[in-house]
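Taking it in order: structure first as structure tokens, then the write-up.
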Amino acid sequence: MQEILQVTISGLATGAIYAMVAMGFTLLWQTTSTINFAQGEFVMLPAFLMLGGIVVLDLPLAVAFVGALLISAALLGAAFKRAIIDPMIRHGVLPLAIATIGLTLALKNGVKAIYGAEAHPFPHPFPVEIWRVLGVAFSSYDIAVIASVAAVVFALNRFLNGTMTGRSMQAVAQNPEAAVVLGIDVKRLILYTFVVNAALAAAAALLVTPVYLFKFDLGESLGLKAFYAAIIGGFNQMRGALVGGLIVGVLENLSAVYFAPAYKDAVALGLFVLVILFRPEGLLGREEARRV
Amino acid sequence: MRKTATACVALAAVLTAAPAVAQDVKFVGIFEMSGPGTTAGTNFKNGADLAIKEINAMGGILGRKIAITSSDTASNPTTAKALAQKAVDEQPYILLGPVFSGSVLSSMIVAQEAGLPQWIGGEAANITQQGNPFVFRTSFSQAQSMPKIANYIAGDLKAKSIAVAWVNNDFGKGGRDQIAKEMGSRNVKVVADLSTEPGQVDFSAVVTRAKQSNPDVLFVYLNEEESARLLRELKKQGWDMKKNPVVGETTLIGQKVIELAGDAANGAQAHVGLTIDAPNPLLTAFAAKYEAAYKAKSDHNGIKGYTGVYVIKAVTEKLGKFDRKAFAEAMKTAQVSAKDNPGVLMSVCFNKDGDLDRDSYLAVVKDGKQVIEKTLPPVGICKVP
Amino acid sequence: MTALLEVAGLARAFGAVRAVGGVDFAVEDGEVFGVIGPNGSGKTTMFNCILGQLRPDAGRVRFGGAEITGARPLALARLGIGRTFQSLQVFGSLSARDNLIAAAQEYVGTLAGRLLAAPDAGLTGRAEALLARLNLAHVADKPAGSLSYGQQKLLDIGMAFMSGARLVFLDEPAAGVNPRIVGEMAAMLRALKAESGATFVVIEHNMDFVMGLCDRVMVMAEGKRIALGTPAEVRADPQVLEAYLGG
Amino acid sequence: MTLPTLSRANVAALAFIVAMTAGLLAAPLFLKTYGVYLLSLWALNTVAAIGLNLTLGYAGQISLGQAAFLGIGAYAVAILMKAGVSFWLGLPAGVLLAFAVGLALGFPALRVQHHYLAFATLGFNALVFLVIRNEEWLTGGNFGIRVARPELLGHSLRSGIDYYHVCLAVLAVTALLVWLLLRSPWGRAFACLRDNPIRAESLGIDVRSYTLLAFAIGAACAGVAGAFLAPLVNFIDPSPFGLVPSIYLLLMVIIGGPGRFFGPFLGAAIVTLLPEWLRVADVWYLVIFGIFVVALMAFCPGGLLAVPEKVAAMRAARRSARGSAAGQAGARP
């Protein structure tokens, strides 16, 4: 029992991070049908910027974070949308997805060429303390991560449902043509979703890098796991991404303890394939209308 | 397209031809510069490049400078083999790399057929068990390092049971198989067999399972970053390293691990073949030079690449000529002392298989520093000067 | 005369919207049967329910006396039911000739046999003849996607006849066609009908087109049948007048 | 069968094929063993990419799992050869296995489409990788299997040039068979499947069977490539059969031009020879490649072979813009 609790809590913390990255996936999918295979690199880059700020410019973490947030909002949000999405969106899903694969290669290897292939430690934004309750070790950091992700989800939800801009963004996501008719400035709102995605990625970077350690390939497995999470939960639903992330995180841990560790990735993967085959809209997703 | 191809060929020809002045001696390097082996391959390459720069500054080998061309195997054995093929075409004196055993296994056949001495970073035991006279190690084979560790675990620590946490790639699986064998012959039971993924982040399940099995010793055979994450998780779950020692190889307590794991590394012990933390002024000096050159600390792969090149220099100079066949022959009984050849950092000898032997250390992390507990003598496969 | 197609109580809703609310009709063998109605009256949904694109909520469809309710489009095609879609549906990357061959090749030999068969499955002659009939012989080798709208429309219709279907559904054949050649289109359809002997079911907006082409016409409004009869009868029906003019 | 007409395009294609064949046969005269090995690798990559091009480019089914089939072919041959079975028996076994698994994987294609299908094949590939790595008793796991070069009619293929000729022959035969298939009614049905599956079904085209076949035949091509890859490298381990190699195979098809017969030839050449071509760029070569991929997708998503058409279309557009400015009378509505 203790063991289940122990690995479940760790899994939730890991899963919360997957969820955060996965939410970005769903955001972009909903508004522009973009599958961003570079999502993991969108986390790696702000982490790299923060580390650069801390190590090279000697900035405090908070300042470095704000700087990285702004730069990635501009670069991975606005510039990404203008330079890559806009010219390619009319070609359909596949060329865009391929382009993001190209982007992955460029970003990952660019950072490696600049900063080398070694892993680097990264400061914790929250203090790390261990509490032991009934033989189960709780890390204050894990709890802070789960709480931060919950806070981000809550804030994002408030923004999407509680503000005019947010509601318009949802309208755009659900039906861009109708949104145009309603007089919504679709272009600007799509731009917002890209900026929000980049900001989410930067926030994820702040939470994840102390645990993952900074390395040029930081985004590789993170992006893939987040992708599994988004599919499992529901590609067109924000809460789907959240639940999917938690499921993947917990499942990985449980299967490593109670199933063959060498196949621990296979369990989440198996679920991923099953969901695609039997519930392609995801566990929590809405069914998408098939277009003739 | 054809034009581009021609242009590229011409450009490549110009670029490779230009620096290779007639009296230079040619080395070719094939390293894991991208893909999962990037860290290992890059360190190895950096170490080798550093040695070559130094040697060239001192006038080269037998008065000839070393010209090296390196390429990226992308951690893919198919590419590694292709690049070995290319190396053979260029007729170099020495082939350096690769580091991952899979790539070594695919490329060594090519070098062997061409009679090209190959200096590798792989530690899998079977590399040198195939009668290839042209393959040489830069570090212990797992067949030599594991008995040293097994003796320590079964003898000094008097363990009756161990749990093994290993990374599921050729490096980790090879180590796991060897240690399981050695433990079996010493009547120590392996009570948990914990495979982990390369690049794994969350080690809570591994530690939980290790705790469940309650072993006398936890043996860890992971890469540096994963080691650091495991150590953090051990600390978090309250693992008592005094009661249940955590023992590993170089990769458990390297400088990088301590940097990444912080005080969670305290108490971890390891058999260390090559470490910049050894009480050895030559290694300390190397560490400083490496860091100055690459703004990063060298791991054992950096030392492997560096010392490998210096061994080549020492053996060649003793031979007095550049002759690949004679070189391979001389390697079978080569003994290089650090006193006469400071670049090799530690005295070393080779046997007929291409395996090496030298001192190694048992180190423990205390207050964020590697402290050498004792020096472990060579295994005895050849005579260390 | 026997009914070739019988539709009884066919219904389909989308959420709360009853797109088709229980429609009955029968199409006699050899006639041209028109379906008209204002936008959103459920014509195309009804077509899709009959032709296997949508599953009807209720009702039955029989073809030649056999039950075909909910059958897949492939099965219907194999039974000899051809169709066109409301929007253009040609294979844009294939040549016009290949579009026609594609429309009939699956009726020649077996699946495995077609791997080893001649590239044109022996259909070039028939395709050429139909191309000539459709006045498309001069563009036979051009990719269908590069043809003009009217040409693609003709090709689309031609594909429905290529396999020798007994019953052909045409969803707005004259929509978007230059008004000058709507007449030609009707003439073409009459000629195709005469040659193939097939039965037609036609959805159309263009009143003149429908009235000139069809033997009988069914009028739909709000998912229901409001009139059925000869063009003259329908034209005189006050309910129809109201649906079209009064609304 | 009707004779192909000698149109200008056919003559040009024929001339190109003859020139390419002559160039490839003459290449070893100018190349050292490395070059020959690289060309052998190119030939086999092209075979695998031709298969993927059939699945993706002609039949419109996205697959991100082609490397898994490469692995199935390679491991079938390696395992059987280790057990003492001749390569020439292992080859059909590997190809059949790849075909059968491809057929099975085609079933998801019936349930889900487009990107979901790509995801399902991606998951499949990751699972195959795990099995290859973990089932050491069968596959040698991380340590891999050594594979000897086979003999052909008593003649050993150990020499790089001999084996290169074998690889070229494999490429020629695969290309010819796929070309014949594309010319047959099947090829037309595949195109219909890609252009408009719903219309295809209404015309009696059995979309289900053709989708399954498109998958299985593409997989079988990869199986062929894998079966010949193992003896080429003399060694196989799991690394060339993971997700990243699958993505590179996809890039080969996309870069060359999906749905174009010679696309895989060009795409495989670029990706296989890439590190060689960008040697100048040193550690930046993958950065440059990544940017190239992004730029290609932005300006010409149809791949490199679509560039001439794209340029021609742009010129024509400019000309007609000028023409319509000069006088609107000639322009058609």
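Chains here go by letter, A, B, C and D, matching the order in which they are written, and residues are numbered from 1 within each.
Keep in mind that, in the parts below, a residue touches a chain if its C-beta (ideal position, glycine included) is under 8 Å from a C-beta of that chain, and two chains touch if they have at least 3 such contacts.
These numbers were taken from a predicted model, which means no experiment stands behind them.
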Least hop count linking chain A to chain D through chains in contact: 1
Chain whose averaged C-alpha position falls nearest the assembly-wide average: D
Distance from chain C to chain A - Cα centre to Cα centre, in angstrom: 48
Geometric centre distance via CA averages, chain D-chain C, whole Å: 40
Approximate Å spacing (C-alpha centroids) for the pair chain B, chain C: 73
Intercentroid distance (Cα basis), chain B paired with chain A, Å: 36
For chain C, residues that touch 2 or more chains besides their own: 53, 85
Junction residues of chain A, two or more chains touched: 109, 112, 260, 262, 265, 292
Set of chain B residues in contact with two or more other chains: 33-34, 168
Chain D partner contacts - residues on chain B that touch it in the complex: 1, 4-5, 8, 11-12, 15, 33-36, 71-72, 74-79, 81-83, 85-89, 101-102, 105-106, 109, 124, 126, 168-170, 172-174
Chain A to chain B touching residues, read off their complex: 3, 6-7, 9-11, 14, 109, 112, 116-121, 130, 132, 137, 139, 211-213, 215-217, 220-221, 249, 252-254, 256-257, 260-262, 264-265
For the chain B and chain A complex, residues of the former touching the latter: 33-34, 38-39, 41-43, 168, 194-197, 199, 201-202, 204-206, 208-209, 211-212, 224-225, 228-229, 235-238, 256, 259-260, 262, 294-297
Partner chain D, residues of chain C touching it in the complex: 51, 53, 72-74, 76-78, 82-83, 85, 89-94, 98, 101-108, 111, 114-121, 159, 162-163
Residue ranges of chain D in contact with chain A within the complex: 62, 108, 111-112, 114-116, 118-120, 123-124, 126-127, 130, 133-134, 198, 243, 247, 250-251, 254, 283-287, 289-294, 296-298, 301
